[in-house]
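So that you can tell them apart, the chains are marked A, B and C in the order they are listed, and the count of residues begins at 1 in each.
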Amino acid sequence: MAHAAVMQPPASAETGAGVYNEKLGMWVFLGSEVMFFTALIGSYIILRFAQPQAWAAPGQILNIPVTGVNTFLLICSSVTMVKAFAAAQDGDQRMLKAWLLATVLIGATFVSIQVYEYLVLAHEGFLPSGYVAGSHLAEVADGGAAYKGGAALPESVGLYGSTFYTMTSFHGFHVTMGVLCMIFVTVKAFRGGYTAEDHRGVEVIGLYWHFVDLVWIVLFTIVYLI
Amino acid sequence: MATTAAAFDHVAHAHADTRSFIRRYIFSTDHKIIGIQFLIMSLFFLLVGGTLAIMMRWQLGFPGEAFPGGGVLPETMAPDGVLLPEFYNSLVTMHGTFMVFFAIMPLLVGVYANFLIPLKIGAPDMAFPRLNMVSFWVAMPAGLIMMAGFLVEGGAAGAGWTMYAPLSANPEYSGVSGGQILWCVSIAVLGLSSILGSTNYITTIINMRAPGMTWFRMPLSIWSLFITAILTILAIPILSGAAIMLLFDQLIGTHFFLPPDGGQPLLWQHLFWFFGHPEVYILILPAMGMVSDIIANGSRKPIFGYHSMVYAMIGIGFLGWIVWGHHMFQSGMNPTLGMSFMISTMLIAVPSAIKTFNWLGTMWRGSIRFHVPMLNAVAFVAMFVIGGLSGVFMASTPVDIQIHDTYFIVAHLHYVLFGGSLFALFGAITFWYPKMFGRMMSEFWGKVHFVLTFIFYNLTFFPMHQIGLGGHMRRIYDPTEYEFLLPLQGLNRFITISAILLFATQTIFALNFIISWFRGKKAPDNPWEDTGVEWSTPSPAPHGNFPTTPTVHHGPYEFSSPLVEEDYLMQDRRVSKPATPAAS
Amino acid sequence: MPYDWGLPIAASTFAADIDRLYYMILVITGIAFVIVEVAIVWFLIKYRARPGRKAYYTHGSAKAEVIWTAVPAVVVVGLGILSASVWSHIRGRDSVPPNALPIALEAKQFEWNATYPGADGELGTGDDFTMRNLLQIPVNQPVVVHLTSEDVIHSFFVPEFRVKHDAVPGMEARVWFEATMTGEFSIACAELCGLGHYRMAARVVVQDQAEYDQWLAEQAANQTVASR
């Protein structure tokens, strides 16, 4: 999207924001993304404060170690993205390609692990609608270990699954979109599309990538750890 | 689209243009073509929304009687032409949805942000032309998805355009399943279109103004579209998020809004109105901006208090974020919270008053021309005042107890959306028609349309205040079910007849619009003797907009300036003497 | 009941307060309305384009703008303060009169079920009894409705009492009012609640205390008979 044949004004324009269109556009777009996640996270906070008993203790249902590794991977991908941008600035084509490729691979790995996590959870009986009666996780939850107050699961217990799947899947969707755009940028880099002078695509996708990373750190904290 | 081609043939001659037909008129990246595409789309949905309204009004005025021509409707909607309650609920919902999301919003933003921004700031096109094209080709399917609701089993969504959960979240409650799902999908898809569009508008306005087009030389229409785009970019994602949660409640069994499982119905209302109130201003600010342009032109005077007009719009934009609770005074929200929402809501009257009085100040000692855009713009002011003042009743929480969810609200919102936005749009369409199509709309038929619309509009909506005070609830299928509403039935019937006449009057506009496209008088470059940059380029504006990038020397409304002989001084015209600043 | 081009008759204690506020806003907005509309028409006539006359070239007047910013601001803040006092009387914390008669009203698609406290005047005891679509209350006695919903959002609306409150599933609202005249009124549902929304009506019967007590006794007797 950053590579549309942009028509620049033929003469010098009135002083704008001092940044090129694609970058400004991405900042504006990220503003709307912030509001989107604000709606999701805000709803999560409201629902959880109203029904704290519906949430299992951290680590009882969700696998924190696996997701912790995944979080670490995503942070690494931000580092590789920074490296890719630095390489682009230096005009170092070889390293640019290498770091972009690394970012794509790590991003794809993150999504794969998330899909795996979903499959395991679903298999063991944790769904967006709540626990599957008689399943392994229903027993874990029902055993009193996960919920304050003992044996009987609260009626609102389904909210836990609802918010978990909705928030993480939306983040996963954003990472997937990011990976697709990143593949596009990488292909262009392999064709020599970026120079030390003009590497807008790399910078713009980098902004998006860091944003998605940042959102994940918030989500990981409030969904898994608290 | 073949018709577009006919009207635009001579453009191709004026400006060597080698693009294929499809690239030029269908998957076009030219902001003007995209604006016209949005115009045709949203006028179509305006017609759809109007038709739904007439069916609704028929049932209210003549409950249980067969709708004329309703025999063609299937059994599931209207057996023998008599509307069913479930179909009536769909009508209510779809009328609101189409009018808000697919008619007024794209008419104001899709059409005029696209068409006017580059032309008025002196840019050759948008910052991201391809993204612009995508935003239209995403909006269009969203409308079709919404229409498809009528075709699926169970009918279109029937929980009101506000989709209050849990009615909207569980098909067992509403009796509608497929339609509700399509509503959520369509709204989420449309949201993407709005976000892409607004990203484009904001970037374009910030980065692509012609030399000399400083912030305070921008016409108020551009200011209003800029503020609107910011509101859109921040508000729409909230609705998208909420709509997706609502969709998940129906599709994958989540419980966000379903109280038996711990969900919260009020959460939906908070999300919806946190989006919804900025949305209200999205639907009126561009109208205010364009009306300001037209009133200055019609009065041949600079706009009165240009700076305070800008600050008032910014103020409305800010206040719009802290007043959403006034839609929920009777919802069981904490009454103390209600009090603070009341105060913030009352304060919105202040910037609205500033704008109104500044429009009056602009007309004061002017030299007023009664062209069709001016008539509609003045009607906007006159009607917006009624809509704004009736808002004070609702803002007062105790009075709101009586009129909340009654026809008083219906009257209020139609005074703002129809009396306000739609009159502004009739004015704007007529005003910029020559720049779009190179021809003038008929002045005579424009005036006939204006006078009849103005009369029938008021006859339709003013009495709604009365029946609302009497307690007539919104969204009821048959008012004669209630004894206390029986005395109002005469007025209901009167409103229905007026509404039918109002609807019929729009035929004049439709014919004027279509016929002028082919037969209208050829338009000169600057038919209204306006000051905007867009009028210094040929009509219709060629591909690339300006032969050379204009340089802006003056503020936006230099009418009757002493510097020149004529009573208008165009923004890009250099005069020997140094120009006075745009505003004192 | 004849229709008198305005609000319905006022049949509760605070209805008069609300109506007074309504008429005050009507007068104030009416004045603003007349000023603006007259100015529009007057300017259109007086300043219509005539040959040889040019418009007066001005960009505004700071003084005028300050006036028409300040005056509306003062007026609306004043209205806000007046509204706030009426509002806290009706809805404020502890606004429910302590001697109010509790009645539980549960809305569901598409009916209203009123549960009366019986002779002991307390809900949740053995002598409670429930009536479908009938809210029978004594006159000049505060009543507090414990409003709930079984399924979707409904809205409890009695126009003559100036009472309206949403019944939200999962929440209980306390809505109080005091009827000031005997007679029969309607409960209407004011929030779209599904197919039968338009016919979700119920009767409100306001009686003298004596009549009410008698009705209560009859109901109690019926209950005992039924339970035997």
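As a convention for this text, a residue touches a chain if its C-beta (ideal position, glycine included) is under 8 Å from a C-beta of that chain, and two chains touch if they have at least 3 such contacts.
In this text the structure is predicted, and so the values were computed from the model without any measurement.
Enquirer: Select the category (line, ring, star, complete, other) that matches the graph of chains linked by touching.
Expert: Drawn as a graph, the chains make an open path, so a line.
Enquirer: More C-beta contacts across A-B or across B-C?
Expert: B-C
Enquirer: Just how far, in Å, is the C-alpha centre of subunit C from the one of subunit A?
Expert: Here the centre of subunit C sits 47 Å away from the centre of subunit A.
Enquirer: Could you give the separation in Å between the centres of subunit A and subunit B, each centre being the mean of its C-alpha atoms?
Expert: Computed from C-alpha means, the inter-chain centre distance equals 35 Å.
Enquirer: Could you work out how far the Cα centre of subunit B sits from that of subunit C, in whole Å?
Expert: 31
Enquirer: Could you say which residues in subunit C touch two or more other chains, in rising order?
Expert: none
Enquirer: Tell me, which residues of subunit B touch at least two other chains?
Expert: Residue numbers touching two or more other chains: 260, 264.
Enquirer: State the interface residues of subunit C toward subunit B in the complex, per the touch definition above.
Expert: 1-3, 5-8, 14, 17-18, 21-22, 25-26, 28-29, 32-33, 36-37, 39-40, 43-44, 47-50, 53-62, 64-65, 68-69, 72-73, 76-77, 79-80, 83-84, 86-88, 90-93, 109, 151-153, 155, 157, 159-160, 162-166, 168-171, 173, 185-186, 188-199, 201
Enquirer: Contact residues on subunit A for subunit B in the complex?
Expert: Residues in contact with subunit B: 1, 4-7, 9-14, 16-17, 19-22, 24-25, 28-29, 31-33, 35-36, 38-40, 42-43, 46-47, 50-51, 54, 127-130, 154-159, 161-163, 165-166, 170.
Enquirer: Spell out the residues on subunit B that touch subunit C in their complex, using ranges where they run on.
Expert: 85-86, 89, 92, 159-160, 164, 166-167, 173-175, 259-260, 264-266, 299-306, 308, 330-332, 335-336, 338-339, 342-343, 346-347, 349-350, 353-354, 356-358, 360-361, 363-370, 378, 381-382, 385-386, 389-390, 392-393, 395-399, 401-402, 404-406, 466, 469-471, 473-479, 481-484, 487-488, 559-562, 567, 582-584
Enquirer: Can you check the complex and tell me which residues of subunit B touch subunit A?
Expert: 123-125, 127-131, 195, 198-200, 202-203, 206-214, 233-238, 240-242, 244-245, 248, 252-256, 260-264, 267, 270-271, 548-549, 552
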